[in-house]
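Could you have a look at this structure, given as structure tokens, before my questions?
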């Protein structure tokens, strides 16, 4: 959450420096919080439309926004990874994450308070990046839900309505008792002397290979500014600061905007060039 | 519209039970209504962007949301089906539906008041699920439109501006004279003794087969809790309450979240497994 | 920008005619401006989600909307074309355009004031349609940015925060010094006596071929209402006012809703029928 505090500080400073008055903030004005939706239901999904409609019905003053609905189906680990990257930038809000293969079964629905973010999701680990330090409750108060609750769509009948009520000011303790949530351990890279082995965790729209290797891993391995990266048997010697530092078509590695080691082809697709995909091994050696 | 009233009631009760004050509501505050857009123009369409921009230009206080823009091209019946499912969850709002193969021709543009929802659309049946009990007007007041009106995009030049003015408080009677709208009869299942024959009306992102068969049809046929479902020559004996009630790969049928009989493969795709598609026949027999 | 003024006028008139009070306007109320995002990052992109989150963190009262995120990767000319069509419909707002192949390199980030629209984008020509008559500044005030600035994602760390501060009331002069922006010359059709040669600039969702030929070009060539259009060696003699003026399957040309000559197959795809694509030559002769 460090980044978000950074944002808040920056607002104050920036405004001060420029002689502007600080923008009004809804949390000072007792306004409703915005609601952010994230799911594996697909862009343009009518399931998402129903959640949006329910949220607005119950918290008309809350703007409702989307993070993404393109999480691969039932891919809890992927959704957690997206949250890890995006959450530090969120404003105070209520977040709803619907990646819910166990819907209607025994898994609980939880509501968590993590800094300025309230999050509602199935208790399947999808909220893991937000859970350290968070206060977590099990959603059991049926008076907050739509009735009857469909056993196949808790996103609409439990999570969206609970999120809306939280956004409109409901105290989170009203949702139910304290709860020990399921934590998902996201696979960390192997770090040894002068060697780090991680994997591709995301291929972006541009075909860039985003990995689970961060600067801290290279530091732990004692790897300095000189390093060689290997993906799918292909050595990538060229380290750049940004894509445009090399010519079109060059295979490079760099530190991506979320602090992850990234392999790219300038104005091309590293995924295609290297025939790499999510899960491909990525090795880094000091040189 | 029963469901929406349910939502409103629920808000009041829920808030009461928890000792929270009820959230402010814009319709009590004379605020602008939110606007919901739905079309066959595609996600990310610049045509939709133009409609959104026009709506916000004319009703700056109205939040503008999307239902979906992934309606198959010119598929009025499909759009009506989506409306049937989603409309009960909408808050008080202005809804714009642009599925308009006859744009610029003789079909009228209509504005309908159906409960708390005001809807603007071509008079081609797309609003059918909202029309029973609705008051309908033909949009003829040219002072409400953008000028000149493009003969190929009434969504931007007539529907979005009229919707925005309604959202900002215009009395619906100002749009034009009363109108007898076109009604679309959505195909209902055949119901006979111990037998119901319907069809797949939607294949969702997960490959689940959503049908036009509802509980009421099985009740009319005298089919009780024991039933066998047949799709594309394949018998589906297993009835579950929710997906996670059976193992991965199991072919099941269940009641989906919008009350429709649904055929699914647990964590798989029923559409692929059964080579079924929209329009495929679905038969239910009591056992 | 003529169209936007038209919109404003229309609001006033329309409201007057109907005896409605004019809707509240945020620019009279010193409210925050809405923010519109446009990029080549893809629908459902988490990069866009991060920009949205940053914008809302710094200007909580600004609604954030999307124009499109489906610009083809790094396609500055295409994005400029979309802006040319959509900008006249925008309300007073802050526009952020992230099509940024040169991110982290020497190209500047600019903020431009063009009528009621404030726009923030890389200085690579993408804002060209808004630049004539605009006042342009180079974004250099680091106190307005997120820190540290990622060299690969200025959309999130420079453009979104600067846009948010402008939306919240920051004077545009605070972003940095005046700047002479890069202008992109969008290819114009060749016009000669009784002949215009242009090209397809966009194929829409429906397979309609949208060209860079406008009415003014035909007028310059002395071509009247009788004209013959030729695409990919195929003569299109039939001119219609709107799609539904001809039978299903007919190949027609018409004036599209953004004033561009368009070639269409009624309820079909002209792109498929003619094997035409973006860039295909389009010739018009008077008959």
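Lettered A, B and C in written order, each chain numbered from 1.
We take it that a contact is a pair of C-beta atoms (placed from the backbone, for glycine too) under 8 Å apart; a residue touches a chain by one contact, two chains touch by 3 or more.
Keep in mind that this is a model prediction, so the values were computed, not measured.
Because contacts link each chain to all the remaining chains, their graph is best described as complete. Where the sister copies chain A and chain B meet, the same residue numbers recur on both sides for under half of the interface positions. If each chain is reduced to the centroid of its CA atoms, chain A and chain B end up 30 Å from each other.
Shown for chain B are the residues in touch with two or more other chains, namely 43, 63. Note for the complex: chain C touches chain B at residues 4, 6-8, 10-11, 13-15, 17-18, 20-21, 23-27, 34, 36, 43, 63, 65-70, 82, 85-86, 89-91, 93, 204-206, 241-245, 254-257, 262, 267.
Those residues of chain A whose C-beta lies close enough to touch chain B in the complex are 32, 41-47, 49-50, 52-54, 56-61, 63-64, 73-74, 101-105, 141, 143-144, 146-147, 150-153, 156-157, 161, 165, 168-171, 174.
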